[in-house]
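Each of the next two complexes has chain A plus one other chain: chain B in the first, chain C in the second.
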Partner chain A sequence: MNTVNYLGLLRLLAPETVLTITGLIVLFFDAGVMRRQSIPRRQQVAAFLLSAGAMLAIGWSRHYSLADPNSTSMLVIDPLTQLMKQVILFLTIFTALVSLESKFTPHVGEYFALLALATLGMMFLVSSVDLLMLFVSLELTSLSLYILTAFQKDKLESSEAALKYFLLGGVSAAFLLFGMSWVYGLTGETNLIRIAGQLRDRATDPVLLAAMVMMLIGLGFKIAAAPFHLWAPDVYQGAPTPSAALIASGSKVAGFFVLARMTLAGLAGAEGSGVWNGFAPGWVPVLAVLAVLSMTLGNLAAIAQTRVKRLLAYSAIAHAGYMLPALMAHNTMGTIALLYYVTTYALTMVGAFGVVAVVEQQTGSDAYDAFTGLSRRSPALAVCLLVFLLSLAGLPPFAGFFAKFYVFTAAASASTRSLGLLWLVILALAMSVVSLYYYLQLLKQAFAVDPPAGAKIIRPLPATLFTLVFLALLVLLLGALPHLLVNKLQAALVVSGL
Partner chain B sequence: MPFKFFFYLIALFVLYSAYFVVTARNLFRSAMGLLAVLIGIAGMYLLLNAQFLSAVQVVVYIGGIVVLMVFAILLIADVTQKVFEQSPRWRQGLIGAASLLWFSLLAGSMLSYRFGAAAAAVDKSGSIREIGRALLSPAAGGYALPFEVISLLLIAALVGAVTVARADADNGEGKEGKA
Partner chain C sequence: MPWIAQYLWLIPVLPLAAAAIIAICRQRRRRLAASLAIGSMAVSFLLAVAALALTLHPRTSEAVWRETFSFSWFEFGATALQLGWVLDPLSACMTVMVTLVSLLIFIFSVGYMQPDENFTRFFGFLSLFAAAMLGLVIANSLLLLFIGWELVGLASYLLIGFWYHKPSAAAAAKKAFITTRIGDLGFLLGMVWWYASSGTLLFYDGGNGCLEASALNLLTAQTTFGGMAVSTAISLLIFCGAMGKSGQVPLHVWLPDAMEGPTPVSALIHAATMVAAGVFLVARVYPLLDANPAQLAGISTALKVIAWVGVITAVFAACIAVAQTDIKRILAYSTISQLGYMMLGIGVGGVAVGMFHLLTHAFFKALLFLGAGSVIHGCQEEQDIRRLGGLKPYMPITFATYAIGMMALAGVPVFFSGFWSKDEILHQAMAWPVSRVPFYLGLIGAFLTAFYMTRQVCYVFGGAYRGGHRDNAAQNLKSKTSEEPSQPPQKHPHESPWVMTAPLIVLAVGALLLGFLGTPVWPWFHDYFNGRHSGVDFSRLREAWPVMAIATLFVVAGLGLGWRFYGGKRIVRAEQADPLEAFLPGVFAVLRRKFLVDEGYEATVIRGNAFAAAAMNWLDRHVWETGVLAIGYLTLGLSWASRLFDDYVVNLGFDTGCDRVRKSAKLLSSVQNGQIQSYLRIVAVALALLVLLLAWGGGL
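Up next is the complex of A and B:
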């Protein structure tokens, strides 16, 4: 034990350290040097610094040494966690670049520093295998996101959304913590692996089930699964669009990863069963309830929306519902499907919010009407929107198609029992068809309807446009050659053994 | 026997105060109720032989947080006089029923479990020296890492509080900063 010191800890966490320093540099540089410059200039410098720092962190995260499992029981560092951290860092860079377009705050340095801190929380979240560490990093992420939601101070909606997010988030954190305290009381351990070892032979203990349900409530809030979704529409709507992009992408990746870690590693042996006619108590049936509610409610509510950010919020709830069956499949294929889904979904979501950010900045609204005739007013943006929405709808050849395909095959073939999770897959397929309707509604508005007389041409900044086109190409590439990501995930998963 | 007696006494006190916090229709009275809850919890810690935790509870929660809340309440004019409207009857009933259901589920599962003797817990002295070592040790069993993450959390809270609370220049509150 004497070999571990602070320096070793810093070396183990080099990417996080780099990002911490980056966040502080952004904050001080903006407050000190850039004070007198114009806001767009400050945004450019801050976004550049943050992106450079994140790139450095990505580079560093490729060179790691597998942590000696005894050295610290709080974190794991393995190929899988590093890969997910890289994904999250890339999402942050994209968010930072998309932020350039929006002018919602004079507090540029604070905004980008909080982006860095939120990302940091997500990175710790991905690595943590200890209840304590998990909770603390979850709070770091959540708190940064609450503040990012409140950043548009001239808009009442933004403060309202932040307050709702904060209060509901606080309640869900209380549930999570209460559940964790029960688990600690049962096992006397905070390390997930050791907890799993302790719980192996008492899977259906009522106390454990109650604790598990409470923890799943807390994490279900984080991934915006129904019925814990009430915050999502308001927050996506009220938050500044780039903040909403991070909430919908990076936080989703981290949330699903930690949910997977909690269920697959921490509650291994307590899964129960969610097959039709064969329910057994455990976390799988709990997730089945969440999945059914999310898919149905998200998709049906999305039809009625008239504002694009709200539409994306409800579709996010529905997508959380599609992803849960991959977790319930409870095998390697399911985990790969989940991580592929959440990664491609996050990339798509950043892109979609990027398009909304541009349109909103230049027309002042995110209502469907603002998108009327987008193909005439900005063909490039319209094509990007087309790619993102069709990918969300799950049409080939976009990434969303393979994501759904992997998840559904993993779920359908998960159980050796007669029909297994097929009933969920059938529901998911039916709901995907419903989702096609509202995505196409928006696309019809953008492509088939003539722009109103006197509508302005929409001109995104070159950097934003470049980011969006890059994201669209990425979605197309991952759809055409899904094995690029799947092989990586598979190799990482084999080593890490989640 | 005295342990049990004091335990139930304090528990009753805490429960009653907590009930008072949520039912008081005046914010200031609620804060005072919260004070009582926290004092009760501190007593509970003392009863469980966690002296350090009990002291921290008094210093941080009672001495710091409640005082801060009282300041905030007093700074917002009129709030001490204001009486909040109550939600409609049916809603109160619904919330009560849901809470009762949840409570009985938790209590039921709790009662059905056969807890081992408390001796199973590792006996640590809980002295300040030991807590300090555990808090800052980077080795296994130490909590240096969560400790550091909490410091990042505090930075985020600080930056956020300043940003959210600060009056912007364009709100007519004067030019920002003096630098």
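Up next is the complex of A and C:
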């Protein structure tokens, strides 16, 4: 039994500590000092404080001492986790800046403090290597997100969505916890590395299989993979747009990362196989089923949507389906592809929700009709939307193209046996063609259709517009020079050994 | 590395910057545009002279002096694509020629284009062209050369179609672009093949370049279909590009039509510099062309092909030139013919022979074209030689310089540069071990050249002025200028302003003096190219004089016959039939119609293309579209099915629940009763199915 060095722990977790303090400062400052100011003013100050705190955390996360890689501790701090934390912090900053546009609540301090807390949960989620730690951080994230979803109190849809999110989330968390308890029962361990060591030679134990499926259901809920996606359209639709942006971006990044950690490290001995004609039980075939369902259902249902946030929700389900094959490839290239995909996807999604937030705030609706003639009413906004949607559709030279390219290459070359995962890649390619249709439907509204008579010019706040243009440029840059991020991921991955 | 070799890139970049600035200028800023273009070109010229001076420096070793500078453009995988520039005798003398001729033509254009409202745009395009050409010339990488090559093609397209409101100009621009593109396809294929075989596109790279021994040995060692060496196949593909750009038969058809552009453009692009790019390319990759598989001694196949294509073009185009009536078209066909000579020179005698003719030709052909421009400018845009005439007293400077250019082109002995460079080609052709036929054809070409140039000068400057009677002649003669009746009629032709005549004089001096750099007595140019010291040696005259004598004989015969047919006062009226036509009507008609090449293309390639397009259109409309529609409807059906599923299976419970929420405001109970249950049911079913799937798959 070694004694805990709390000072050392605080030093290691400096970014998390900074963010916690930031959340508290935002809360107190808003409640104490800013109470009499106008809401936009309070939003600006709170967003500024949160961004400053997050920047500080990012800066701190670059200086850390590497923990013992073989330790069986609860948390792991290595270049990869720090990189992913930086990504999440950036996404939070962007979300905070996008929030400036929306005026859905007078409780400014609480809103931004909850943003900080949700981010904190995600950061811990990225670092956890222990079932207990993992579950606690997942709950921290989820609970914050439930509240963020319910934040628009004057809108019935918001409360309803939050309630649904909460109930389904609670049940899925129960599944996860139940699965974990079975795994603990089988192995007597809670640390993922040790669990993997124990599980190596009992891949076909029926209890383990059931436990595995339950844990995958819990995490599949987090990443909104079909058939555990049912909450997503309602929540994206009902939640205040900035909250939805965080659910669609930061939470996605953390969710996929923890799924990767769970499967690649924790269930390392129980992959099974999902190749054509080469089925073997394990987590790969389960993910294959989820991927097929997500891609098909997400893309096809998206076609029939008439509201942009719902469209983005179904496209998010489809994207979860595209990303899963990277995990199933089960090699370094696949992991890099997954992380590249989820990072660029999250950036794009924050941007897309940002555009929706502006339009929704100024026209009061997120239906397709609200976007009619956007290119005439706000050219800059329309071009940003174009970049984000085309990147989501996976067209070069935007980041989405390389993301898909890397994932599909990794999946297609994963197995030397027969056709490997090629069948999945072919399905994914066919489905991305379908996806182009509904993205272009929206872009047609924005670019080709004349604005209705008497439509107002849309003027985003300078800060929001700057954020969106910056995000669009970032998407373009990462698409033109994917090496910038890929090289970083590769270097971090080599050190961390995931 | 000397500074000029390192900063060689400034030579093309300065005009490029000028073009960029002019592009954003407003149309009214004429003076700014012209001074930017001319200023940048002047600085480039000085830099080029400095570079040339460096290559002239006396050196100790026998090898050709060469400085290269390379950098890596971008990386993919483990390899990097490198670009760079090279300073050697070839690029040095080409840059000096291009910058000097461009500079003079820019100055000339200030006068010639004065009435045009798009003056600014014109100078922008000219600068772009010059930049691209200079980039092509200094390239040390086939890729950079190709980039310049295509930009030159673009600039040419823009300038031929400069008066795009004229349908003939727009069509000519299109024709030039498409025809050269056919050759460029070969070039591109050759380049890709070369890169695949040798792994680099740098010409010279300290022993690793694709023009250096190690790569060439690799290429000659491999064979491809028909037992042809890979080097030969690549050479022929690259030569396709050169054929397109340098107007060799059968890709020459665009060049005469390109005369629709403004005359300075014809002078700059379609006579002096751009069309020479093909010859330059052949000269640049000469080591590849010359490379021969070890077991085959003698002259490589590629060089044989080049020599034959060259000499056939030379005679073919010269024949056509005899019967043309447009002052610029005659010069265009003579350009094609002279380009054929250059190819012949490179084919039979090596780089120095062909390049020497290229340089002398650049001067006298630019001179002739600018002279023609001066004539056209002075005679109310009249281009038909039958309606010119008697201009000698009106335009003395133009006449004097034009006569010098004409005699240089015809190859009149001793004092004119064309004589020396053409003589060198003929000399080498006679010594060619493969065949004597090119030599004889070359002599015939020289004869024809002298003949048609005499004809042209007699028509334009001799006799009496036949213009100004347009009303009487209009129904008989097709005149381009009849589209512009608004111009006030002018009684007499007039001499052009100094800004146009001064470049003529400079070029005339060049056309006179340049030939003395490559006489048999003092073959300085050849020694400079081959990195040797040069000296005066009269004994070489002894073996050279027979060819010189024979060539002179043919030239004099051509001049004499031309004078016999057209000299003196034989041409009185514009409508009068051509004297040669009266003498040989059948032959003349064929020549006037340019051997029916255009008609032949019309009947075969263009008709075939139209037919193929129609067939594809039919296929597309009736076969593919059905398939596409079927897939489209299938997708739509699936999406409707999915939507129905979502609406009626997944969401039905939710919608009922929502309705109840609105009606009874009992949110909690309705959510409990409504969709959450069905959602959860799906999760539970999924759990059961997934576990079953795994269990069944595992054979439990």
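Convention: the second predicted complex is superposed on the first by the 490 of 498 C-alpha atoms of A that agree within 3 Å, B and C clash if a C-alpha of one lies under 4 Å from a C-alpha of the other, contacts with A are read in each partner's own complex, and residues count from 1 in each chain.
The rule we apply is simple: a contact is a pair of C-beta atoms (placed from the backbone, for glycine too) under 8 Å apart; a residue touches a chain by one contact, two chains touch by 3 or more.
Please read these numbers as outputs of a predicted model, since none were measured by experiment.
Engineer: Looking at the overlay, does A:Gly8 come into contact with chain B only (first), chain C only (second), both, or neither?
Structural biologist: In the superposed model, A:Gly8 contacts chain B only, not chain C.
Engineer: Considering only touches as defined above, state whether A:Pro206 meets chain B (first), chain C (second), both or neither.
Structural biologist: both
Engineer: Considering only the touch criterion stated at the top, classify A:Gly454 as touching first (chain B), second (chain C), both, or neither.
Structural biologist: Neither chain B nor chain C is touched by A:Gly454.
Engineer: So, A:Pro462: does it touch chain B (first), chain C (second), both, or neither?
Structural biologist: Once the two structures are laid over each other on A, A:Pro462 reaches no partner at all.
Engineer: Would you check which partner chain A:Ile147 touches, where first means chain B only, second means chain C only, and both and neither mean what they say?
Structural biologist: first
Engineer: Considering only touches as defined above, state whether A:Gly364 meets chain B (first), chain C (second), both or neither.
Structural biologist: neither
Engineer: Can you give me the overlap between the chain B contact set and the chain C contact set on chain A?
Structural biologist: On chain A, the residues that contact chain B in one structure and chain C in the other are 206, 209-210.
Engineer: In the complex, go through chain A and note every residue touching chain C.
Structural biologist: So the residues of chain A touching chain C come out as 156, 159-160, 163-164, 167-168, 171-172, 175, 204, 206, 209-210, 213-214, 216-217, 227-228, 230-231, 234, 272, 279-282, 285-286, 289, 297, 300-301, 303-304, 434, 437.
Engineer: Touching chain A in the complex: which residues of chain B?
Structural biologist: Against chain A, chain B makes touches at 105-106, 108-110, 112-113, 120-122, 138-141, 143-146, 149-150, 152-153, 155-157, 159-160, 162-164, 166, 168-170, 176-177, 179.
Engineer: For chain A, which residues count as touching chain B in their complex?
Structural biologist: The touching residues are 1-2, 4-6, 8-9, 20, 27, 35, 70-75, 106-107, 110, 113-114, 117-118, 120-121, 124, 132-133, 136-137, 139-140, 143-144, 146-147, 150-151, 153-154, 162, 188, 205-207, 209-210.
Engineer: Please output the residues of chain C touching chain A within their complex, sorted ascending.
Structural biologist: Where chain C meets chain A, its residues are 635, 638-643, 646, 650, 654, 658, 661, 667-668, 671, 675-676, 679-680, 682-683, 686-687, 690-691, 693-695, 697-698, 700.
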